[in-house]
Every structure is written in C-alpha cells, then in structure tokens.
Amino acid sequence: MTTTGTTPNVAAVVDATTLVHRTRSFRSVSALLAVAFLVIVGAVALIAPLLPLDPTTTDLAIRWQPPSAAHWFGTDELGRDYFSRVVYGGRISLTVGILAMAAATAIGVIVGLIAGYAGGRVDDALMRFVDFLSSIPWMVLVIVASVFLKPGLWTIIFVIGVFSWMATARLVRAETLTLRERAFVRYAKYIGVRRELVMWRHVVPDAAPTIIVAATASISTAILTESALSFLGLGIQPPMASWGSLLETAQGSLQTAPYLALIPGILILLTVLSFNVLGDALRQSVSEGGAS
Amino acid sequence: MTPAEDVLLSVDGLDVDLPGRTGGRVKVLEDVTFEVPRGRVVGIVGESGSGKTMLLRALMGILPDGAERDWRRVLLRGEDVTRTLARRRLPAAMVFQDPMTSFNPLVRIGGHLAEVAQRFQKVGRRQAQGLAREALIAVRIPDPDRVLSRYPHELSGGMRQRAMIAMALLAQPELLLADEPTTALDATIQAQILALLRTLQAERSLTVLIVTHDLGVVAAVCDDVMVMKDGRIVESGEVERVFAEPQHPYTRELLDAAPPAPAELAAPASAEEKGAGA
Amino acid sequence: MAVYILRRLAQVLPMLLLVTFVVFALLHAAPYDVVDTITTPQMSEETKAAMRERYGLDQPIVVQYGLWLGNVLQGDFGYSLASRHPIAEELAARIPNTILLVAPAYVAALLLAIVLGLIAGSRRGTLVDKTIDSLSGVGIATPSFWFALLVIYLFGYQLRWFPIIGMHSVGKQGDPVDFLLHFVMPFLVLVVAFFPELARYVRSATISQFSQDYVLVQRGFGASRRQVLTRHVGRNVMLPIITQLGLALPILVTGAIVTESIFGWPGIGPYFLTATRSLDYPVVLAVLLLSAVLVIVGNLIADILYVVVDPRIRIGAGS
C-alpha cells in the first residue's frame, strides 16, 4: 500500500525523535530481558545432555503429578519427569527454528542476490515466482508439502525453510538493486575488478543488518509453524518431542493435568516473543544508525 | 517606534526549546522580541534552522510534541494577553509551505474549506459551501465550483496554494502567517501568489507575516523585514533601509550571497535564486 | 478504469492457469492411482481397466490435464481416495460451517483492531499505546492452539460454561442457543488469533498518517485532536484497510484449520487434516487449489477496490 510522499519536514523529524527518545528506555529494558531469556533457554538446551535430566524413564505409579520439588514441572501421563521432557523438547524446537531459519535465509539471500543483480527478465520471473509462492496460505502449503514427504525432523526443517525464504529474498533484492547503482560498483569493471566480486563483497555486509532482522522474524515463524504442525501430528514424531508435540499429548490430559499444556505453551510464547522483541530492537537501531 | 494602537501584535522575550535528539533540550527561539504594525507586510528571513518557521508555529500554538514555549509579554492590539494566549488562539491563520502535502489527499477542496468556514464562522454546512465558494473567488480562482469538487492532487501547484490561502481567509484572520508560501512553486506562479497576497492584504486590511529564505520575495512584497539567525532576531526594520544599509554583519552576508535583486519591485525571485535557496 | 480492471483480469488468468497446472502436476506425481478413487478393491482388473478408459486415465498427460481442468471448471474436483465421494460435495457441506465461524470472528477482530489501533496510534508513546502495542506483541507470539487449550480448560472444564466439541449437540441441530454455546469458544480463540496483527497494522497506519503534513495543517486551522482523528486520520486509515479486505478472502476458508480441529468444528479444517493423515491426495490438492484460487481472486479484489476507492489513483478521471 502506498503512503503519500511527504516532503521531509523539520517538524515531523523533531516529533519522531522526541517520541523515540521517550520510548527508548522501555525498548531497551524489554530487549535486554529478551536477550537474557534467550540466552538462558539456549544455554540450557545446549548443555542438556550434561545435566542430570531423565526424559525417558516411565513410572506409571507417579503419573500426572503436579509440579513439586522433586519434579519441577511435574510428571506427564507416563510418569516421566516433565522438566526433562520440556528441556529436550526445547532442544528440538530451537533446533528446528534455527536450522529452518538458516535454510530460509540462505535461500532468500541467494535468490535476492540473483534477482537484484541480474535484473531484467530474470528478476521479473523470480519475483513473480516469489509473489506466487507467497500468495498461497502458508499453513496449507506446509501441510500439503508434509503430505508428500515422510514426517520427521528433517522434513519439517526442509518444509519450513523452503516456504519462508520469500521475505528475505525481497529485502536482499532491494538492497542489491540499490547497491548495483552505486558508483563504486558501476566503475568496478574499469579498475579491473569483476562486478560480481564487488557485489558479493559489499552487498551481503551492507544488507547484513536487514537480513539479521528478517532472520529473527524467520525464527519466530519457524518455531510457531513447527509447533503447530507437531501439534497436528504432522511434524516431529515420537520418540522425539518438541514443545508442539508435547502440547499435542497434553491435550489428552487437559482436564487432569493442565500444567502439561500450560508449560510448553508459555515457553513457546516467551521464546517467540523474545525473538520478536529482539528483532524490533535491532530494526530500531538499524534505522537509527542510518545503515543502508 | 510605532504608536501603540497601530501595533497589531507585540511579542516580548519569546523562548522556545525542543527535546534534543540525544536528550537535553535545544533552544530554537531565544529571547525573540518584535512588533508587527497593523496592515504591514513583514518578511522574516533567515537560513534553514534560524527558527523562522518555529516562530510562526509558536504564534499559532502548533509546536511539536514536547516543545516548551515561554514569553515575558504579548500584546494583541495593545491588550495584554500574556496569560490568556496559552488557551486562546491569536486571530491568525497560517498558509503552509507545501500545498500538495498540506491537504488531506482524500478530502475534496470544498470539504477542506467548508470545514474551516464552519469552525470559524459558526455556520451550517450549506452556508459554509457558499462561503467556500466566495473565498475561492476572492483568491482569483476562475472556476470555483469546479475547484470545490476537486481533490488536491487534481489541481496545479498554484491553484492549490490559492486554495490554501482561501482556506486561511475563511478563518477570518487579522493576521496572516505564510510559511515559505512560494518555495514549492514555479517561478511564474510565485509572482502571482505574491501579488495575490499583496492584493488581499490591501482589500481586507490584513497584516501579513511571510517567512522566507528568499530575499527576492522580501524585496518584492514586504514593507518591513526581520532577519533571524540561530533563533534570534539580529536585525529588523523597513525593507528599503535594511537592504540599503544593513547594520548586522549577518544581514550583510545574506545580502551579499543573494543574486542582484530585479529592478522592478513587483517581480520577485528568479528561477536561479529559487534553486540557490534551501 | 475499466481498462485497468480488464488488464488485471488478464494478468490473473495466467496465474490461475499456472496454479491449476501445478496442482495437476502434483496430483499426477502423487504416489496413488487415480482409478482407486472411483473403484473399490473388489472390482476386477477388467472393470478397473474399463473405468480407466472411461475416465480418460490412459490418455496422454496433456489430455488428462485438459479433462481434469474442464471438470474443475464445472465444479467437479474429483473423488476422495478415502470415501470415494465427490470432493466437491464434501467441500460444499463443510465450507459453510467454516465461514459461519471465521467470518464473524474476523469481522470482530477487525473492528476491535481498528478501534484500538486508532487509539494507540493517535496517542503514540503514552501508556495506552504501549499497553495496546505490547498486547499485540504478546498476541502475535501466542500459538493460537495453545490459547485454545487454555480457553477449553477454563471455560470448558473448570467453569463448565460451554461445550467443548462440535458445532451442535446431538439432536439439537438448528437450535440457535445450542449453536451459540458451541460457537463462543472457537470464536474467541479466532478473534484472539486474528486481532494482534490487524491491530499492529492499524496502529502503524495511524502513526504514519499522523506524521503527515496535513495533520499539522489541520491543527493549525484549529482542529481538535478528536476532529483530526475522526474526520481525517480515521478516514485515511480506513482506505488501506478496506482494500486489504480482499486479501482476507482465503482466510474465510483456510484460516481456522487448527482451531476447527481442536474444537471438532465440522468445517474444512478437520476434513483437510484427516485427508492429510490418510494421504488422501485428491482431497489435499483440491483444498490447495481452492485456497490458491481464493488468494489470487482476493488479491484481484483488493487491487480493484484500491483503484476504485482511492481518489488519487482514479485512472481516467481528474482534470
């Protein structure tokens, strides 16, 4: 949608800086909290194998116990320690999120670079393709893809990655287009440097801030999509568990053990929220710092 | 000095500061003191950042959020309004710089004008339409009915600015403030608009304050001039005197930097001068 | 303007064709035998061969595509592998249920988002704004199916206000009160799912309008904050919203897959998911085709609305 072009106006600039200044302290506090949370969750997930956690031992005698000192998150329907289950579930959820994001970002950067650099027909065709792919509701797309592939960890990483690169591609393409017109790129050939090399050496670093911001959004989407798919039984399969699949199992015991559903959901919420807040804060500093 | 009853507006010690980008406050107007004689056309010149636009905004009460405005004394027609001005408005209307962006693109000209007429003249919708039409005629728009039903983007720059002036007239001001009224226009149109302002001033006994960075504009239509730099008034007086014998070094700088003014008083800035401006 | 509309329509046709082609290719590549949708395992090989011939399944691909496309245009989406019923019938039975749930939820979410978004945007930086914005942020990060579980637990199990499954109780079909009781929880979940992004959008559109020059001009002409909001900014913000409504078209059909499945609401969602789990390719791809077409049509509607409603782009009009 277009907004009316505004003549840069001292008044508007001053208004904006005032308000940014006012909200700045709020923003940085929440950004710090977000980073802290992610670091903690990430660290625990990473060192999980080294911790005294036992997600697999079943003991029907102690099933559905609410959180206690012995079992911080209680026990699940098979008497397993839920805290351990949740931690290992987090490992999977975060792994999927990060890998899917990596795949999507890689594809997006490459496609964006090609489209922006080649221009003309190639650009047109690629962008039409991007539009086309973006137009299909992604839930439907992702579910359809999982029908054709055997469900599992790698399938889901692949499917999410392959269908969420479009936004990054658009951003990178925009950066590439602007950069292509810059003098040092146009004249590179006169000093004997291949244009492609110059583009590669400069576009990616220049676009890095925007790519990073897009990447945080990508992780959020990936985590939410994975949990939805696993919740539907189309994602992570047992014996592996992710927060989403834990929620699926928790559905059965909702009445007796609501905490089984409460905990993984809260963690998904907080993780996604943290990535979003982080992304917002990064986007803020990118535009303020005047990069690109 | 001008006798008191001939002074429309007298401002003493106006200060305005704004929140700075990195905290703290920035002074945009400092101890600004001036008198505006009734019925005169006063030019306010300075470069970007001199505070001239902020001066108009301070008078109209539309400073940016977070701005603080303070003064020692303000007299309106000789009456002391220092305390009441914060709540009341001056009997003034402002013509803004860029008529393209100054109108709501989704509202027709007639709508804009009628809204102002209703607000300031306390009339109903139909009467307001009639007043809007009259206002368009007053600014010499040849086909007022057509213009009333047009959207802003459908008019030329000059017509838009005339419509903006018409809108200002509908507020029945005694004081007309114009912020760079011709900067966004082509050279030939500039001349027409300035002539229009001059004519309206005479017809309605308006007092006009024109902010501009263009000395040619001042030379063309202004009686008096105030020179501003860094939030302060550095010099003021009658245009002929100030241009002929500038007292302040900054005024001299400005005059030296400007291309020679055209001989005829009615012909304002040439195209090159417009390009040299901010 | 008619020219523009025609031109857009002309652009849409190749897209639609492409979509049908992709779907057909997937249908063909899927590891199942189409003849199985119209025969039973009991039938003999000769019968199957005869059916194959009758339905043109032994023809070259292009011909099959043509036949299939012709069928689709007449509303025949083929047969479900699992039930062997015409898919079109099964869809037609379920789509109204989905719309019945999604449409009110979307409208409610939109209205709420417009009100709160305008309030937040016009009071930027204040506590009200920060609250609304934070709520939206949390909402965007909330998995809707998890929220559904919370709602079920609280209102279904603990308070026992609402029934948990389905659209109506057995034997009470057509009873409006019974329907409403079943309707409330999924409706609530959907509103909470739709609201945050819409609110963010409205808020950001409002903020962007407030930073326009004309707002300053309006204030200069004595407009109060409320007048600016209702007469100008509000109106200007509605413009992109109305044009975006076209983009919500696909949501009417596929926007509640997970929610419907949790609540057992008999719409497209559970049908689609069951087909997915049982590898019922024809059904899955029929839904894909449907949603892709809806997206394309929705985009078209949005573009046309935009041109019709925005006076700046009225092609052919003006001085």
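The chains carry the letters A, B and C, assigned in the order they are written, with residues numbered from 1 in each.
In this section, a residue touches a chain if its C-beta (ideal position, glycine included) is under 8 Å from a C-beta of that chain, and two chains touch if they have at least 3 such contacts.
Remember, predicted model here, so these are calculated numbers, not experimental data.
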Relative to subunit A, largest Cα-centroid distance belongs to chain B
Comparing A-C with B-C, the one with more C-beta contacts is A-C
CA centroids of subunit B and subunit C: separation to the nearest Å works out as 52
Between the Cα centroids of subunit A and subunit C the separation in whole angstrom comes to 23
Multi-partner residues in subunit B (2 or more other chains touched) are 98, 101, 105
Residues of subunit A that touch two or more other chains sit at 4, 6-7, 11, 15, 19
Touching two or more other chains in subunit C are residues 212-213, 216, 312
Within the complex, subunit C is touched by subunit B residues 60, 62, 89, 93-94, 96, 98, 101-107, 115-116, 119-120, 150-151, 153-155, 167, 171
So, in the complex, the side of subunit C touching subunit B is made of residues 212-214, 216-223, 231-232, 235-236, 239, 310-312, 318-319
The residues of subunit A that touch subunit C in their complex are 1, 3-4, 6-7, 9, 11-12, 15-16, 19, 22-23, 26, 132, 135-137, 139-141, 143-144, 146-148, 220, 224, 227-228, 231-234, 244, 247, 250-251, 254-255, 258, 261-262, 264-265, 268-270, 272-273, 276-277
As the complex stands, subunit C meets subunit A at residues 15, 18-19, 26, 30, 124-125, 130, 137-138, 140-143, 145-147, 149-150, 152-153, 157, 208, 211-213, 216, 240, 243-244, 250-251, 254-255, 257-258, 261-262, 272-273, 276-277, 279, 281, 284-285, 287-288, 291-292, 295-296, 299, 306, 312
